[in-house]
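What follows is chain A paired twice: with chain B in the first complex and chain C in the second.
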Partner chain A sequence: MLSFVPKPIMRIALLALVVLGFLLPNLVEPYTIRVAATILVFTVFATGLNLILGFGGLLSFGHAAMFGAGAYIAARLMLDTGMSLALVIVCSVLGTAVFGLLVGITSWRVGGDYLALITLGAGQIFYLYLNNAKEVTGGATGLPGIPPGVFFGWDLTAIENTYLFILGATIVATAFAWLIGKSFLGRSLLAIREDEVIARAHGINVPLTKVIVFGIGAGIAGLAGVLQVLLLGFVGPASFTVDQSILAVEIVLIGGMATTLGPFLGSILVIGSTEYLRSLADYRSMIFGALMVLILLWKPGGLVQILGLGETRASKATSLSALLAKLRRSGTPPSRHSAHAEPVTEEARP
Partner chain B sequence: MSTTVTDPIFRATGVGCRFGGVIALDSVDFEIGRNEIVGLIGPNGSGKTTLLNVLSGIYKSTSGELEVDGRPSRFMSSRRLSRDYGLARTFQNIRLCSSLTVRENVLIGMHSRFKWYDSILPFGPGSREKKAAANVEEILEFVGIGDKADEIATDLAYGDQRRVEIARALATSPRLLLLDEPAAGMNPREARVLVDLIHRIHAERDMAVVVIEHNMNVVMNTASRVMVLDAGLCIAHGDPKTVSADPHVLEAYLGKRFRDA
Partner chain C sequence: MEFLQQVTNGLTIGSVYALVAIGFSVVYGALGLVNFAHGDILMAGTFVTYGVYTSFHLPIVISCVIGILAGIVIAGIVEEVAVRPVLKSHLLIPMMTTLGMGLIIRNLVELKYGSGTLPFPSFAGSGFFHIGDLQIARAAVVTLVVAVITLVLFAAFLKFTKPGFAIRVVAQDMTAARLMGVPVNRTIMAVYGAGGALGVIGGLLYANTLEVVYLGMGFPILLKGFAAAIVGGIGNLQGALIGGLVLGILEATVGPAAGSYRDAIAFVLLIAILLVRPAGLLGARVQERV
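Take a look at the complex of A and B:
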């Protein structure tokens, strides 16, 4: 849609958007700032999933657990210890990354639908744990009254400051994901998503790469968890249900798989509409469900492709069934049983 | 029948591969010298591609011994064979990443050159990413598609997609290149260019090449040694002229009636 605009102008527009983002607290009322901050938190959350699902093609329905792990680790540290915010962030991100690696290890042997089920299960276990381990997590009531953070002398009590901090973190996370996507790791993930046999035949360690991307994606989601705590000053299990995992999958698919701006655009549409179109209530999921199917069928690059912003490296599955078949194929166990992984077809030839 | 190779890069002894009750490879003895072009021919379903899959570690053989550089390789993964032993291959049904450009597809072949920290520091002066990119340009020029680096790989013409596959295999800096029907779907002119390319790969890049091919012109003009498979067994072996006159080969391709024709 916007692909006719020359590249330099697009760059300037993007820069203007970032500047506008920084000026936003001076322009609008606190409610809008809060919505904008929520959108940014979900941008970071979906950026983590984008590496796993968009690049690696690994369908994870347990990403809210990573989000939650980051949030609860941060909340506990901020309540119990006087740690500086920077240290809290480092601990939460690393802790969540380890949690992600543990969940990711399951992708060593399973993929496709089975991996989706396992991650769904991991998410549910985590949710039940949050509800029942009352001494650690506060049970269903959660942990209220988390003190606002101080980032190297910068007091984040005011919503404006919290927003600016979240904006900065979002830019860092997006830039990090962009670097990963541009690097050899991003390419090997795309190769794994497209065809595991060629990935293996060209020296890529397929199982290890999958586990690592789970760790990185979880770490980024952990950062989103910390930001959520800073924004709300409260954590409760209701924010980390399977609904949130599905919301993240929606954001990635609608925004555009394996794109840099996809998570941000997806968040604007999905989270923004939750806030501003409350009257639609439950019809929202219906609309987004339909939108997701339409995007998978015709515009696999999501909003990024529709708007013509940047390159699209989404899976070129021309139909939903082809995409599902691809996801299912990636579930075929590796080489030892691969007698059927590559059908022995001989082309008929005159 | 057997032509012995001194100091082979790859040796297969009595290699068999069966899928349930189907015997794809019965028992094949096979050697590849350090610097030769070997042709592998046989009727459809004779086990050529299975043999290639077994050599490159994609299938595991169910019997026999495999050796690469004198080390047993029967249970090595295709990743290890590619990374540590310089084994590269192309695929019969073209397997390119459909969402990536030609350049990125070839860069996949350079995966093992990168260190983990290149994933967060891919740029900057003297970065591996830059060196690899320069190398990709050179390889694409070499196979003759230097002007198509930024196109989406699967948008290219069929013959060019074959070349991208060869380029991607060359990007791993192999010592042994396995080509599975590189001339499939090519017209005679393209096939002649391919023959040139195979000769140049062999001469300028100093590697052993195994070519599976149905196009006899390609096989006879490139291979110094030809092996014929039929029903999972090696039925003839030797220089191209001798093999094409072998009665067993004629029978396998044309039936008993033509055996003495």
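Take a look at the complex of A and C:
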């Protein structure tokens, strides 16, 4: 849609967007700032998943557990110790990354679809743990009254400051993910996503790469967890259900898999519409479900592709020949019902 | 004796898991695809039974049949809309499109019935049978009997009928099946329909045992079904049956000791099996051909 705009102008527009982001607290009322901060938290959350799902093609349904691990580690540290915020962030991110590596190690022996089930199981076990280990996690009520952080003398009590801090963290996380995508690791992941066997034949250590990306993606989700704690001053198990994992998958898909801006655009649409279109709340999951299916069928690059922002590296959902075959089938209905007239152009999926 | 009682209870819930696992496995075995809408399909079918029974006052058996038919139709729609167009693309894509379809189905049911827990008309009646000291609920007996009959019928369908034969052929080699004149598209639809029907039967038995239906019932049963299917070797139908029973018995015997972590048994089992023996207890060694 916007692909006719020259690249330099797009870059200036992006810069203007970032500047606008920093000026936002002076322009709008606190409610909008809070919504914007939520959108950014979910951008970071989805950025972590985008590395795993978008680049690596590894379906993780336990990403909310990583988010939750980061949030609970941060909450415990801030409640029990007087650690500085910077140290809390380092501990949470590293702790979550280790957790992610442990989950990722399970991908050593099993492939994509099994991994979805393992992560689903791991997420459920984590959720049960959150609800039952009352002395550590506060059980179903969670941990309220977490003190606001102080980042190198910068007091984050005011929502404006929290927002600015989250904005900064989002930019860092997005830039980090962009660098990863450009790096050898990112290219290896894309190769693994497209064909594991060929990737292995080209000397890529497939299992190790998968485990590493799980760790990195989990670390970024852990950062999102810390930001969530800073924003809400509270953690509870309800924020880390499997529905949240599915929400993250939705954000990544709708925004655009394996793109830099995808998670941001996706969470603007998904989280923003949840906040502002409350009249549609009853139809929400239907709309996003349909959007997910449509995007996967026609525009695998998501919003980034639809808006024409930059290259998309999403796996091609519908190849041209399959599309033609589909059109041909719908054009001549009888051929669908007789086996013999069916064109033999389609190959079975290997 | 108490142990025997628990094993009996385990067999009952295990046979529900087995039905759901087989519905899921038949799709996986034929196409190599995980159907994430399976839980929502079985939930929707159970709700159709509930709706037909409460609003038209049909006999419960006929309501159940209508619910099962609805499950077949919904599964067919999911296949046509979300699976067939992306059958040849990356493994990930059909998984996520079925997930999206599941969200749509759940939302539609929620719009009609809300997210509360509704009383399900038990078709087994209450009361207990006594065998020695063993006490078996009527619902449990009905569950076991229906599950066994369904599984035998389904095995016969696969073994002796033409569509069943086509399913086995497609599972072995889709391209060869197409070349031999097997109507592959129709067969894939039959696979999904059969999966949907088995799922709804499982859902109905589950609802009958608990005497409730609720919006979220699909997901936990689906997870247990996944676990059962994997324990037995995913795509392996006998394996799914044994996996379901093993899971049910484990939950009933180990469950009380695990306390509030009872639901974690299935997932721990799932992860352990995948780590130690990815092909499942009964599965053959999987070798990837290039």
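Observations on the model:
The rule is simple: the second predicted complex is superposed on the first by the 318 of 350 C-alpha atoms of A that agree within 3 Å, B and C clash if a C-alpha of one lies under 4 Å from a C-alpha of the other, contacts with A are read in each partner's own complex, and residues count from 1 in each chain.
Basically, contacts are C-beta pairs under 8 Å (C-beta built on N, C-alpha and C of every residue); 3 or more make two chains touch, one makes a residue touch a chain.
Computed from a predicted structure; not experimentally measured.
The wider contact with chain A, measured as residues touched, comes from C rather than the other of chain B and chain C. By the touch criterion defined above, A:197 lies against chain B and chain C together after alignment on the C-alpha atoms of chain A. In the superposition on chain A, contact is made by A:282 with chain C only, not with chain B. In the superposition on chain A, A:22 makes contact with neither chain B nor chain C. Look at A:205: by the touch rule set out above, it reaches chain B but stays clear of chain C. Contacts of A:57 after superposition: chain C is touched, whereas chain B is not reached. In the superposition on chain A, no contact is made by A:31 with either chain B or chain C. In the superposition on chain A, A:184 contacts chain B only, with no contact to chain C. Across the two superposed structures, the residue set of chain A contacted by chain B and also by chain C is 194, 197, 315-316, 336, 338-340, 342, 344, 346-349.
Interface residues of chain A facing chain C in the complex, by the touch rule stated above, are 53, 57, 59, 106, 109-110, 112-114, 116-118, 120-122, 124-125, 128, 131-132, 193-194, 197, 242, 246, 249, 253, 282-286, 288-293, 296-297, 300, 315-319, 322, 326, 336-340, 342, 344, 346-349. Those residues of chain C that touch chain A in the complex are listed here as 32-34, 81-82, 85-93, 95-97, 99-104, 106-108, 110-111, 173-175, 178-179, 181-186, 219, 223, 226-227, 230, 234, 260-261, 263-264, 266-268, 270-271, 274-275, 278, 288, 290.
On the side of chain A, the complex with chain B involves touching residues 176, 179-180, 182-188, 190-191, 194-195, 197-206, 258, 312-316, 335-336, 338-342, 344-349.
Contacts from chain B toward chain A in the complex involve residues 19, 24, 44-45, 49-50, 53, 56-60, 77-79, 82-83, 88-89, 91-93, 95, 97-100, 104, 107-112, 114, 118-122, 129, 154, 168, 171-172, 181, 184, 214.
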